[in-house]
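Same chain, two partners: subunit A is paired with subunit B first, then with subunit C.
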Partner chain A sequence: MTNLTSVPGADVVPAPAAKSAGRKPSTKREVNAFTGLAHIGLVFWALVTAGPLIWVVLASFKTNTEIFLGKPFALPQSFSFQTYVDAWSEAHVGRYFFNSVFVVLLSTAGTMLLGSMAAYVLARYRFFGNRFIYYLFVSGLAFPTFMALGPLFYILKNMGLLGTYTGLILVYIAYSLPFTVFFLAAFFKTLPYEIEEAATVDGASHTRKFFQIMMPMARSGLVSITIFNIVGQWNQYLLPVVVISGPGSDQKLLLTQGIAQISVSAGYHAQWSTLFAALTLSILPMIVVYAIFQRQIQAGLTAGAVK
Partner chain B sequence: MRHGKYPFIIGFLVVPVALYCTFVVAAYIQSFQLAMTSWSGFGAIKYIGFENFQKLWNDDLFWKSLRHNLFLLILLPIVTIAIALVFAFLLNVGGSQRGGVTRGVRGSKAYRIIFFFPQLLALAIVAVIFGRVFGPDKSGMLNGLFPDSWSPWLFMADERWAMTCILVVLIWQAIGFYVVLFSAGMGSISSDIYEAAALDGASRFTLFFRITIPLLWGTIQVAWVYLGIAAFDAFAIVNIMTVDRGGPNGATSVLSLMIYRNTFEFSQVGYASAIGVVLFFLTLTFAALTLRVTRRESIEA
Partner chain C sequence: MPVVESTTRRTGGSTPHRAPGRATRPRRRQTSGLPWLLSLPALLLLAGILGYPLVRMVELSFQNMRLRELISGRPAPWVGLDNYTKVLSDTDFWAVVWRTVAFTVVAVIFTVVVGLGIALLMRRVARGVRLFMIVAMMFVWAMPQLVAAQAFRWITDSDFGVVNYVIDKLPGVDYQNHSWFVNPWQGWSVITTLVVWAGIPFIAITLNAGLTQVPKELVEAATVDGASPWQTLRSITLPILKPLLIIVTTLSVIWDFGLFTQNWVLRDGHPEPQYQTLATYSYTQAFGQSRYSLGSAISVITVLLMLGVMAFYIRQMFKIGEVD
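Let's look at the complex of A and B:
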């Protein structure tokens, strides 16, 4: 990174001294002005980013009257957590939240297990049909998910999986496989063959080699893509809307669906503070997780785009 | 070495391939097939050839939706990439110069952390938040910030501006991700190159246009494709945030919403599949075009 090279004594870098000595003051002023402008721009965007989120938190403590007064960033007159209690139990944010946690835990685990198995075999074994299966998976990247909504719905219906978490988890896994396989296959290809050969000589079975040698060696890639899948599946909206539908699905909604529904009913009943509390409850865990793992999360989410 | 190879391969592949074929491949194949039918979701399937596509050709809402997708397709990548490049550049080389070594601004890490956060929020939740931010009365954040003497802006309820609001929200969410992505790319550009250019008296603007952008071209290409794909989607945000879902008066309808509504609300699965097929070819054309048009100009770092 360029911004780490503040070597003490860097000032002594010889070359420019003689040539630019004459115009140094003006250059410096230009630089300071530039840095100042840079900070203004950056602070502005930081405010634009954080502003709506801070506003949501503030509004969650306000009464409807206060909300309609304007002055969005004024502090609330009193801090009561009643709106949070309402949001958690009456608007069922708590239930939606744990529904999401449950589904994403299982589906990410399943995606990683099945995805790495497929990727490993496709990356490191030669057999008839290898390329065909690989490209079958990768071609899934080219198709927009919502293109096949109807058929997906009826496939699930015919299998009796509509409105079930089993169905949703299987669908999550299936739609996460293209990218997972694509990414991990590339990753497994880069791992050295020597250790694997040594293990073969020692009589390790293929399955054992995979779980005890290759998986640990691929840890960094697995971590990135796990984070990628957790975030992607946690944020899904379209697939749960299609799968968790029909009678009796009210109890089963995921967080994204649930918040969208609360937003609609808040509009009818003018219970805005409950909506804001619900939003805060769904944002806060993300902030906590992000505060702890921000480096890994940034790396994981951008991993897909950096070749 | 060959001992047990095939049972192992089959054992490892069978479940993922079966799942993928059942829920993804079969669904896509069926949507091509259903595009040729008038299926409503129930009863017998009747093939009608290309009638759905003819109907699409004469459907005003389809053209309107397509225009909205193209609006996003052009503006979302351009604006996001431009702003993200500038911020990434400021973060990496916007700081003071010391003996020819240009450094990032102070606090660049904190900025990056804040900018990136919206990426972690579900688009659905962002849509709910901004539905209120753009609230058409004093309870909306922006109208609340405006002076009391102004009459409230309608934002999403105004046909002329509703699409722009959607664009703004998508940009708001995307920028941080691309700042981090481009920062990583800029970090891997050798500082020697910047130093050498700085010694030659290059200004920051020259550095930006002559060094940073050409060396980042590959990453920018990827960003363009990603943002383009996001522009073809936008379902969550339109479905949740817009007035009347796609309104007012179709002013924010997009293709993904049309597919959803035709499938689940208007019982026109065949017609929805036809839109899906069109969308598929649009996405493919877009990705191929982007890669072709931008290929020549790439420079190896």
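Let's look at the complex of A and C:
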């Protein structure tokens, strides 16, 4: 229980305790008892949270017979990556994986470029129609994805974008913009005005101010909203189902669609471990992204949402 | 002129005389077309992909678009409010509405309360533990809904599921081959668990970030004055967290109200009537049964319902975005 001493609240207790010695110790003990319970509760909760994930990863190394053996938490007999190789090549997960990476990279880049430009002017410039545009963007937040699927289908069909990545990327960008603009506009407003003004005085162009001054200052906000968009777009299932359809779309399916296909076609006969391997593969990139940007995500969330 | 000013600045010249000009000049110059130019691409995309379908959907809901019209390309006949009367007088539809509302209320309350609880607890544990928590939650947050739903489908599988395996181990309980989806209450508990489980990380991580902004001095002062932890929470922490809480609650309601993937996957792509939500219902009507107009009418009603209930909170959320 040595770690209890590093509790944020604990290190501030001694100073006042010197003054009012009568009351402090009891408060401290209470806090510590509670903290101990909190630790236990949290560890338990973390296990519950990560449990299903662990189970998926374990199952991905097992053979079909092992999965159906009825010992869900037993370790697999051998750790071979054969299921992953199978999933990657035979179930075309490899191709779907790169399809997804390609689409998400382009659409996140597009979202961030368009979204940050719009958010920047909405937050920092006073012009006619500013509020109107802002509300237009943010009202997009209130609409659930599924609702305009039918008409979306027709539009893409009429424009010849059905079954193309261009169509899907445009759709992803449009669906991500409301939250991006909402979040970034709030973030840009919190940034200091002085530096920007100094740059204006020094004769910097608007473009230069935006890319060389505002963007670097807004870094943590940009990073966290980028991550948010990557995760959101990587996780999409419904939109690709609607957009990547029609003849010749087999080659273009995204990872989530590929996974759905494996599980639908699998039934009780095929390689279930392939499915679990594919599931694991689909989580991996997100974990890598998180691991890299964990600190910025925290910083960005704090600065953007709480003033 | 800019050159001169820049040199004075670089040499650290005094700035007071510039102060009045500073306030007005940037504003003045910006009334050009630049702001519109920068927001135009995003605006166009939004109008084309969110706005136009929206208008089309409303239009469609007053027509009768069937597969025949879709294939032949002939204009669909106008039918006025027929679709709406059909939907609104349908008892199945109302059953779906109440089910979706009930689910949303339960799921959002659980998600936000537990998420807040975890965020509060995270402030009290040691750094290492907190890091572990965040990583664990990020795993869950990073998991595609589809993947999580697939995992839960297997975990609750009647023959090979972990849940049955664990419950069956309890003395005197026979849960072998128990099917979780025969009884809708049990089935919906599984779906709700999945949604809450997947929804907590976003809320807990966001609120935890927000909690770091609560001034320690305030909490200490309250404690010294003899406030109970509950009082401190209610009168200090929650008011400071309020904007964030409103945002995450509103977003949760929007997300949960549009529940699609989870019940779709857990019911194998063919949700039984008692597992339909508004999203799956309108999708099945539109695409499964080729009643595109009916599906559109359901979507329009859904959004109106949600906006009606949420108007107040959505307004609050908009306001929070406009910090000044």
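Rule of thumb we're sticking to: the second predicted complex is superposed on the first by the 234 of 307 C-alpha atoms of A that agree within 3 Å, B and C clash if a C-alpha of one lies under 4 Å from a C-alpha of the other, contacts with A are read in each partner's own complex, and residues count from 1 in each chain.
Convention: a contact is a pair of C-beta atoms (placed from the backbone, for glycine too) under 8 Å apart; a residue touches a chain by one contact, two chains touch by 3 or more.
Everything numeric here is computed off the predicted structure, so don't read it as measured data.
Of the two partner chains placed by superposition, only subunit C is touched by A:Tyr135; subunit B is not.
Within the superposed three-chain model, A:Phe182 lies in touch with subunit C and out of touch with subunit B [touch as defined at top]. Of the two partner chains, both subunit B and subunit C are touched by A:Ala50. Within the superposed three-chain model, A:Thr190 lies in touch with subunit C and out of touch with subunit B [touch as defined at top]. Look at A:Ser205: by the touch rule set out above, it reaches subunit B but stays clear of subunit C. Shared-chain residue A:Met117: touches subunit B and subunit C both. Shared contact residues of subunit A with subunit B and subunit C: 3, 6-7, 12, 16, 20, 31, 34-35, 38-39, 41-42, 45-46, 48-50, 52-53, 55-56, 59, 67-68, 70, 72-73, 114-115, 117-118, 120-122, 125, 127, 133, 136-137, 140, 142-152, 154-155, 170-171, 173-175, 177-178, 181, 200, 206, 231, 234-238, 256, 259-260, 263, 275, 279, 282-283, 286-287, 289-290, 294, 297-298, 301-302, 305-307. The touching residues of subunit A, when paired with subunit B in their complex, are 1-3, 5-7, 10-13, 15-16, 20, 31-32, 34-35, 38-39, 41-42, 45-46, 48-53, 55-56, 59, 67-73, 114-115, 117-118, 120-122, 125, 127, 133, 136-137, 140, 142-155, 170-171, 173-175, 177-178, 181, 200, 205-207, 210, 231, 234-238, 242, 245, 255-257, 259-260, 263, 272, 275-276, 279, 282-283, 286-287, 289-290, 294, 297-298, 301-302, 305-307. Within the complex formed with subunit C, the subunit A residues making contact are 3-4, 6-9, 12, 16, 20, 27, 31, 34-35, 38-39, 41-43, 45-46, 48-50, 52-53, 55-56, 59, 67-68, 70, 72-73, 114-115, 117-118, 120-122, 125-130, 133-138, 140-152, 154-155, 170-171, 173-175, 177-178, 181-182, 185-186, 189-190, 196-198, 200-203, 206, 231, 234-238, 256, 259-260, 263-264, 275, 279, 282-283, 286-287, 289-290, 294, 297-298, 301-302, 305-307.
Remark: subunit C residues 2-3, 5-6, 9, 18, 22, 25-27, 29-31, 34-36, 38-39, 41-43, 45-46, 48-50, 52-54, 56-57, 60, 118, 121-129, 132-148, 150-152, 154-155, 159-162, 165, 197, 200-201, 205-206, 209-210, 212-213, 216, 219-220, 223-224, 240, 243-244, 247, 251, 254-255, 257-258, 260-261, 265, 269, 279, 282-283, 286-287, 292, 295-296, 299, 302-303, 306-307, 310, 314, 317-318, 320-324 touch subunit A in the complex.
Partner subunit A is touched in their complex by these residues of subunit B: 1, 4-6, 8-9, 11-13, 15-17, 19-20, 22-28, 30-31, 34, 41, 86-87, 90-105, 108, 111-125, 127-133, 137-139, 141, 143-145, 148, 172, 175-177, 180-181, 184-187, 189, 191, 194, 199, 201, 204, 218-219, 222-223, 226, 229, 232-233, 235-236, 239-240, 256, 259-260, 263-264, 269, 272-273, 276-277, 279-280, 283-284, 287.
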